[in-house]
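Below are the structure tokens for one structure; questions will follow.
As written, the chain order gives the labels A, B, C and D, with residue 1 at the start of each chain.
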Amino acid sequence: MPKQESKATRSDPGRAVAFSDAIIAIVITLLVLDLRPPEAEPGELLTALLGEWPTYLAYAASYTYLAVIWLNHKAAFTRIGEMDRGLQWANLGILATLALVPWPTAVIAETARTGNLEDEKVAVALYAIVGALLCMSFLVFFSHLARHPDLTKEEVDDSYFARERPRALIGVVLYLAAGVAGVLIHPLVASVIFLLLPAFYGLTSHGFDQRPAFLGGGDSDNSGGDGAPKGG
Amino acid sequence: MPKQESKATRSDPGRAVAFSDAIIAIVITLLVLDLRPPEAEPGELLTALLGEWPTYLAYAASYTYLAVIWLNHKAAFTRIGEMDRGLQWANLGILATLALVPWPTAVIAETARTGNLEDEKVAVALYAIVGALLCMSFLVFFSHLARHPDLTKEEVDDSYFARERPRALIGVVLYLAAGVAGVLIHPLVASVIFLLLPAFYGLTSHGFDQRPAFLGGGDSDNSGGDGAPKGG
Amino acid sequence: MPKQESKATRSDPGRAVAFSDAIIAIVITLLVLDLRPPEAEPGELLTALLGEWPTYLAYAASYTYLAVIWLNHKAAFTRIGEMDRGLQWANLGILATLALVPWPTAVIAETARTGNLEDEKVAVALYAIVGALLCMSFLVFFSHLARHPDLTKEEVDDSYFARERPRALIGVVLYLAAGVAGVLIHPLVASVIFLLLPAFYGLTSHGFDQRPAFLGGGDSDNSGGDGAPKGG
Amino acid sequence: MPKQESKATRSDPGRAVAFSDAIIAIVITLLVLDLRPPEAEPGELLTALLGEWPTYLAYAASYTYLAVIWLNHKAAFTRIGEMDRGLQWANLGILATLALVPWPTAVIAETARTGNLEDEKVAVALYAIVGALLCMSFLVFFSHLARHPDLTKEEVDDSYFARERPRALIGVVLYLAAGVAGVLIHPLVASVIFLLLPAFYGLTSHGFDQRPAFLGGGDSDNSGGDGAPKGG
């Protein structure tokens, strides 16, 4: 019974979902650690706080980015029935790269504060690389699911994850393009794209899928988290 | 079947609740990171520890504030059956603003230590703005639920969340008023209001609703967290 | 129906348990943040690492203490069927004081490094106060449960939590006594008691209750976490 | 009825699993705290970032290590039906040692930056000790389960955990050998072994067991996390 044998190498996604949620929650909260009382001379607090505006912008951008990633992660797992070894590592790859996001965020905020143009270019290039890596880790994740339709729930269209791949690939390209534009033209160009990209992904997120055709009665009754019934 | 179609864009609140709990738990614990061994000359530890009293007060105030927010968040989700895209973002907005709370808390504690009156005014104004933003994010959240009664559980009175809005709006006004009073009169006035406001919300919290009329048998049997059965 | 009315003010302990677990997990992990690469001259790393022994001891002691607290917390909630407002705040009180533990731990480690006797006395006194506050918060928690036997599961002996109170009260007394001994005799006396107390509580923990008489078939079948069935 | 009595001292692994997941998620995320904007002269950011390569390597190695530990932890708990006091402490021992991992990781990264050979030897020796301790804590955990087959689920082969012990023991030996080689030969030798060991454990992980013989229908239907039904 090959089916039976293959099933023995699988596991329920419950713990992977809980583990991912914890990591994303921690990473999204680490962003706020950069918001500290500024070192200022007595009476200069207001000036110092206003001078920290790049940090506030960076917080808003990275928070939105990670929120969108969480929604996409949630949307994907709503459709996953079981996980094999490859899918576990693909998910761990997503978590490893998203945990990096606060780092280039802090580097951009730091260079915006010191104001050296060369450093600002390096900073946006670093952010672009991390952003592209994150999209690439989603590409690997979606590709694995597209190649293993038996991991998805029965009621999910087999081509669903194959059709998710282009969105991830576009992200890789756009982040790299933003980085190149930031270095060749001006870091601000890259920063604007970094702010727009999560908005784009947020608006096109399949977290709340409008296509009931391949979901039947909707995901409202099969996304119950840890104890989600396996399709069929 | 419009109902069916609309349901396909919805999802179970299970993962949103777990994600929110993790973020609130991390934020409430970050407060304690400001409690560090003080830098003191040998033999001066006691003096240094006693001199840190504004930090202790700030810890107590912000912990209470976040605890009340968690209870209110819990109370709201007890009544939510499913989430749509707007409600997910409204919830992410609450999480983004509450994650800011440790920051003005640390700024107030820092200025209380250095003792510059101008800086203290700036610090209470910052706290007031963050406090008002947090109440505003709850106002958006409650308004979305009031406009979409189909997201709440069947046994919940349709006007429940409409009636929650004034409490959030009063919070916005009171935090802003406290900030203005802190700047125009004295920062201590603002600090006292900041300490009293969470107490007010704690006492009027609907986490443990005393009005069984529109809850039937109470929330004790329908708040089972992730796997909570959807009303009806 | 007074029973019905009172039930409407209650809620399932599921989210409180998950929230507590997250906070305790974060606090226990914050301890490790004090283990950093020591600042040492080139070639002096070994000496510097060995010189950090008070930090290692403090890590071991506080980790054990928090682990025991988690086991006791788990043991208590295994017996709780529903929570009212008072019990929620009693639990939040436990979490607020246990979140303080890394702070006096770091202060003790810091003074052990600098070696000023007066400072060491202050440090053990601070640890004693926090330890006593934590036991006191458990005393409040157990007392509330003893006064409200309807909050416990039906199969739990009504006197269970009343009989838990003396253990908490002994903790308050012993921590305060250790602090006094540390100040009047020598800080080392206090430190030894701080190391022994968690061991005592660990060994007498009711997390794995040996008295099946008032538990019937044991807690193995009614401690299923969030979705635990309410007794009866 | 000795069976009944012994059961009263047991508890469901649900909360232990959730608590472990939270701690591992926090520890794996703490690694990223070492990735900070480097202190660099204006215009020197690129050089400074490239100079941090040991930190990036250390992040990758420790992340992989902790990911493998999480997969092994998950694989073990899939087979555990209930926990007794000894197993709770064995699990807390695993968590205590894995929480240490970011510390020697940071020490190695720090010494790689300063480049003193003596310090590098001390750093790899420290990493080797922590790695060996972690394998040893798994050895204790597996041994406890091997001695108490009644704690495992009914469908799990009684000799399963006995056969897991050699893998843990090999880890203890290999980490210590790597440390000795790092001190006697060159720290790089140790670093290479540290990078290879998690890969070895990842590849041989039983998280996705290929031997259906002693698992019957596979673990896909009995690893439902917190609410997992106890075998039989």
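We take it that a residue touches a chain if its C-beta (ideal position, glycine included) is under 8 Å from a C-beta of that chain, and two chains touch if they have at least 3 such contacts.
Given the structure is predicted, the values throughout are model-derived calculations rather than measurements.
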{"item": "Numbering shared by both copies at the chain B-chain A contact, with half separating same from different", "value": "different"}
{"item": "Inter-chain centre distance, chain A versus chain D - centres from mean C-alpha coordinates, in Å", "value": "26"}
{"item": "Chain centre separation in whole Å, for chain C relative to chain A (CA means)", "value": "36"}
{"item": "Touching two or more other chains - residues of chain C", "value": "18, 22, 26, 226-227"}
{"item": "Category of the chain touch graph - line, ring, star, complete, other", "value": "ring"}
{"item": "Chain B residues touching chain C - in the complex, by the definition given at the top", "value": "17-18, 21-22, 24-26, 28-29, 31-33, 35-37, 40, 42-46, 49, 63, 67, 70-71, 74, 78, 202, 205, 207-212, 215, 217-221, 223-227"}
{"item": "Of chain C, residues touching chain B in the complex", "value": "4-5, 7-12, 14-15, 18-19, 22-23, 26-27, 30, 82, 84-85, 88-89, 92, 95-96, 99-100, 102-103, 106-107, 109-111, 114, 116, 118-119, 122-123, 126, 226-227, 230"}
